[in-house]
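Each of the next two complexes has subunit A plus one other chain: subunit B in the first, subunit C in the second.
== the complex of A and B ==
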């Protein structure tokens, strides 16, 4: 497991250099997200723009990716992103990452721009740059099918871009199979800017697990630990739509572009239970025993006959509550279109709902759009989505995200844009939950729920239990601000380790306090790699990796002023929901104190800049370029 | 005597008892009334407000 390879690919020069990943780098960063940001931090200077050939696109497998435990089908895709001009980062499930490892590589560090469309073929220690002009214009399903046929192997796994990536839509993603998305950060747009249509891989090489017997025995024990939880049982039946029931009932789901915090009774048709009518079967990513993914079929109506996978909870906001539509058919249809286009449905939905509210407020008119944008009009939703992906008329403007679009629509329109650092927020409404609000605000990749969200905060667990889990006294009340800076800090580090190992967050303590975490990762790493880590060392690696991402953002102009949730959450109270949620909004003074508590916990100063002593403790030096020279 | 299981109340966040197979249940802590779905025959879940 230690003699793994990184390939440095220069698409401009059509050259590849392969090196072994040094053991010291593993001890400092593990793999996946951690190592990806080691390469970007050291090689992408601030003057490099996201679509410049000098920008890097780094594909990384976690240190445990491809092994039979805890949903290790994960792949991390990282770059300087077009939406935030800072950290652009996505984590993808499926089977691409494992296959890349079986082909002998853990990381691909890609720079340059091909003269014409190309794809990479990675096979058992070799990498070829192949022509892809014939694939350009195909959707993500068609591209993967064509690659399997062309290579002549059904077991080829690919990560590809669709039309959105080709058109450099700022929130284009990369896709593997039907629904595995490297969704966030515009990584697909950067891939498109490099004329890189796909990376296809197939491998039969040995992973060289350090102690196979002990690893398998312990991994099976971990899988059983996960499967015994109520969380996993619910997830394997309902998938992530299970989250809808709690969020719309309580009142923390953005509705009609966050004008409301729940649709109330009107949203009942989207309850997770009603998706059961569409489910054909459940599938899973490689290495997963939970099987949370639905394969669905629409039997009747306008979209009858459509068979696809998903949708996830994100789509229930994007083509659901955010646009005032409460129809599973539309959510499933929209999800399938987004997957084919290769676009982050979460960002797309937030941009569309922003446009709808601007239309409601007569900031955008029918003349600007070409048709009416009225809440609940599913045809308007689908048509505007298509126009954005095709960069057609007003879609061309919206395809550049909130910050660029507002320069033409008017800066005042940004008040209605629910984002942080330019990245759209998930449809969660965080104004009643301070820890969630802090988490989206400080997330290095911009507004996001998968960088630190302490979902277990909602359970109001006993404080003695929280102290044992987190190692600090944490208030049980999820509407409190005090101690939540520490809670978010803990989850930032923890999720970094999860992403650096390549295990699934749904099998971590994200939504379930009884799932495996640091204590269980220590033996897993020992049996898999032979390396000894302590829990404390893993926590420090999380801190080191997270601080490097923070430094990258600071170097690129993203500082304290970008660590705030949307202004709307401070000004407009919740209008709906359970009695204790109604009337809640964020308190500015309390938020500020929570932010300071969070900075202090990281060892950062009052402006959120890592202190010299923190960098010294973590062994972080100034960037030193190390992309090998190729001729 | 009927079998009883537990679900978490979305209002007070405490666990409350649900009778086996029940479609409606009331939280004995705060009085909130919920529609119940069953993840497994032994695991109830609050689906939405009743």
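== the complex of A and C ==
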């Protein structure tokens, strides 16, 4: 696992430089997300705009990507993102990352802009820049099929963009296979801005494991530990839609653009069990024993005959509760369209539902849109989605995200935009759960649930157990603010390690306290790589990596004023839900205290800026460009 | 007597079997050197595991010009690499695609049952591949067939 390679690719100069990743960098950042941000932090200066050729697009496999345990099929894609103008970051499942490693590379650091559409072909230690004009305009499925055919190997794995990336929609994804999405960071748009249609890879090279016998035994033990949890058992049957039932019965699911916190009875048709009727088969990412995904088929109705994969929980908000539609057919159909376009369904849904509410409030009119935006009108949802991806008429404006669209529509409209740092929120309604609210607010890529969300907070676990897990006294009550700054801090570092190792979050302590974490990663790292880490060292790496992302945001103008959840969550109480959820909203003073507790825990000052002593302790220096220059 | 029982409907395409197979046999991670292969094509909705079924009258043993394939105590057809010259006759003649070419050594690789306790079976979380007694296999195959038959009958009555 050591002596692995990083390739620096300059698309403008059509040059590739390959270097070995030094062991010291592994000790400081591990790989994946951590190492990606080491390259960006050092090489992308604040004056570089997301779509400038000087911006970097970094593809990184986790330090443990490609192992037969813990769902390590993950790939991290990082860049300066168009939505927040700060950290643009995506973590993708599937099989691209492992294949890239078998082709001899762990990281690809890409800069410049190709003169015409190109794709990279990475094969057994070699990287070739190839013409891709004939692929431009194809959807993500067609592109991948064409690449397999053209290269002549059905085991080619590709990371591609679709229409959304080509059109530089600010929330465009990169995609692998049907539904593995590098979403949220606008990484697909940056890839499109570089005229890079795809990265295709195939490898038959050996990857070395330090202690094979011990590793095999431990990998099996890890898989069994995960599979023995109730979480994994349910996940492997229902996938992430399992989250819907508890969210809508309790009342923390954004409905009609967060005007309500649950659809109530009306939302019943979207219950996860009904998805069973569509499931043809369960499928998995590479190296995953849980298989949380479905292959589905629509048998009847308007979309009869459609076979696709997914959908995830995110889509049940985007084309479900957020727009007042409660129809699995639409969720599945919309999900398939989003995957073909290569667009983040989560951001897309939040922006569509925003437009719907602006229409309800007559801030947008039929004249502005071209048709009516009435809650529950599924054709209006699909049509507006298409217009955004195609950048047609008002879609062109909405494709640039809330912040830029609001400049034209009117700044008042931003109150109804549920976002942080310009990044649309998942359809969870966080106003009743302070730790969730802090998590979306401080997340380095803007409002997001995969950067720190302490989902186990909802379980109200015994405080003795939490203290053992987190190492600090944490309040069991999920409506409390006190100590939740520490809880969010802990999960930020932990998720950073998970992303830097390339482990799947669904096989981590995210939703299940019994899944493997630091104590299990230490021996796993030893057997796989031969490197000794202590738990404390791993936590410090998490702090170092996270602080570098924070610094990148700060030098790009994202400071304390951007660490707040949407204003609506402070002003409007929950209108529905169970008694303990109804009437709840965020308390500004308590939130402020929680934020201060969180900053202090990180070793940042009262403005959220990392203190000198913190940087010194973590060994973070000023950015030093190190992209090798070749003439 | 034991046999592999493979159910493609249960295969998720995770390829844990391929990874652990290459680790166990070659001491490296490299699915291209695995004895078991999953034909994995999610874009067309296909996951098909394929491995040597350990034939009773194996063609590979018969055609090998240097008699490099022997039968061990578990009934596995095993390659003696001191004899194998990598001529690929077994690869071409195997009707099940059970013999493959190692992309690193160029020699044939095929399933040797890991000494009687196949690693792929141990790592398969959905039991898409099992190593069971033939009487158990027969029963399960029969049952699955009859269930399909009854299902067809019910549909026919409609």
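Everything that follows uses one rule, which is that the second predicted complex is superposed on the first by the 631 of 631 C-alpha atoms of A that agree within 3 Å, B and C clash if a C-alpha of one lies under 4 Å from a C-alpha of the other, contacts with A are read in each partner's own complex, and residues count from 1 in each chain.
Going forward, a residue touches a chain if its C-beta (ideal position, glycine included) is under 8 Å from a C-beta of that chain, and two chains touch if they have at least 3 such contacts.
Since the structure is predicted, the reported quantities are computational estimates derived from the model, not experimental observations.
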Touching partner for A:238 - first (subunit B), second (subunit C), both, neither: first
Touched partner set for A:287, first subunit B, second subunit C, both or neither: second
Partner contacting more residues of subunit A (subunit B vs subunit C): C
Partner chain in contact with A:580 - subunit B first, subunit C second, else both or neither: first
First (subunit B), second (subunit C), both or neither touched by A:2: neither
Which superposed partner A:304 touches (first subunit B, second subunit C, both, neither): neither
Touching partner for A:154 - first (subunit B), second (subunit C), both, neither: second
Touching both subunit C and subunit B, counted on subunit A across the two superposed complexes: none
Residue numbers on subunit A that touch subunit C, as the complex places them: 66-69, 95, 102, 141, 144-145, 154-155, 177-178, 203-209, 212, 215-216, 219-220, 223, 227, 280-291, 295, 307, 309
Residues of subunit C that touch subunit A when the two form their complex: 9, 12-16, 19-20, 23-24, 26-33, 40-43, 45, 47, 103-104, 119, 122-123, 125-126
In the complex with subunit B, residue positions of subunit A that touch it: 230, 233-234, 237-238, 242, 245-246, 248-250, 265, 268, 271-273, 458-460, 578-580
Complex contacts: residues of subunit B adjacent to subunit A: 8, 10-11, 13, 37, 39-40, 43, 45-49
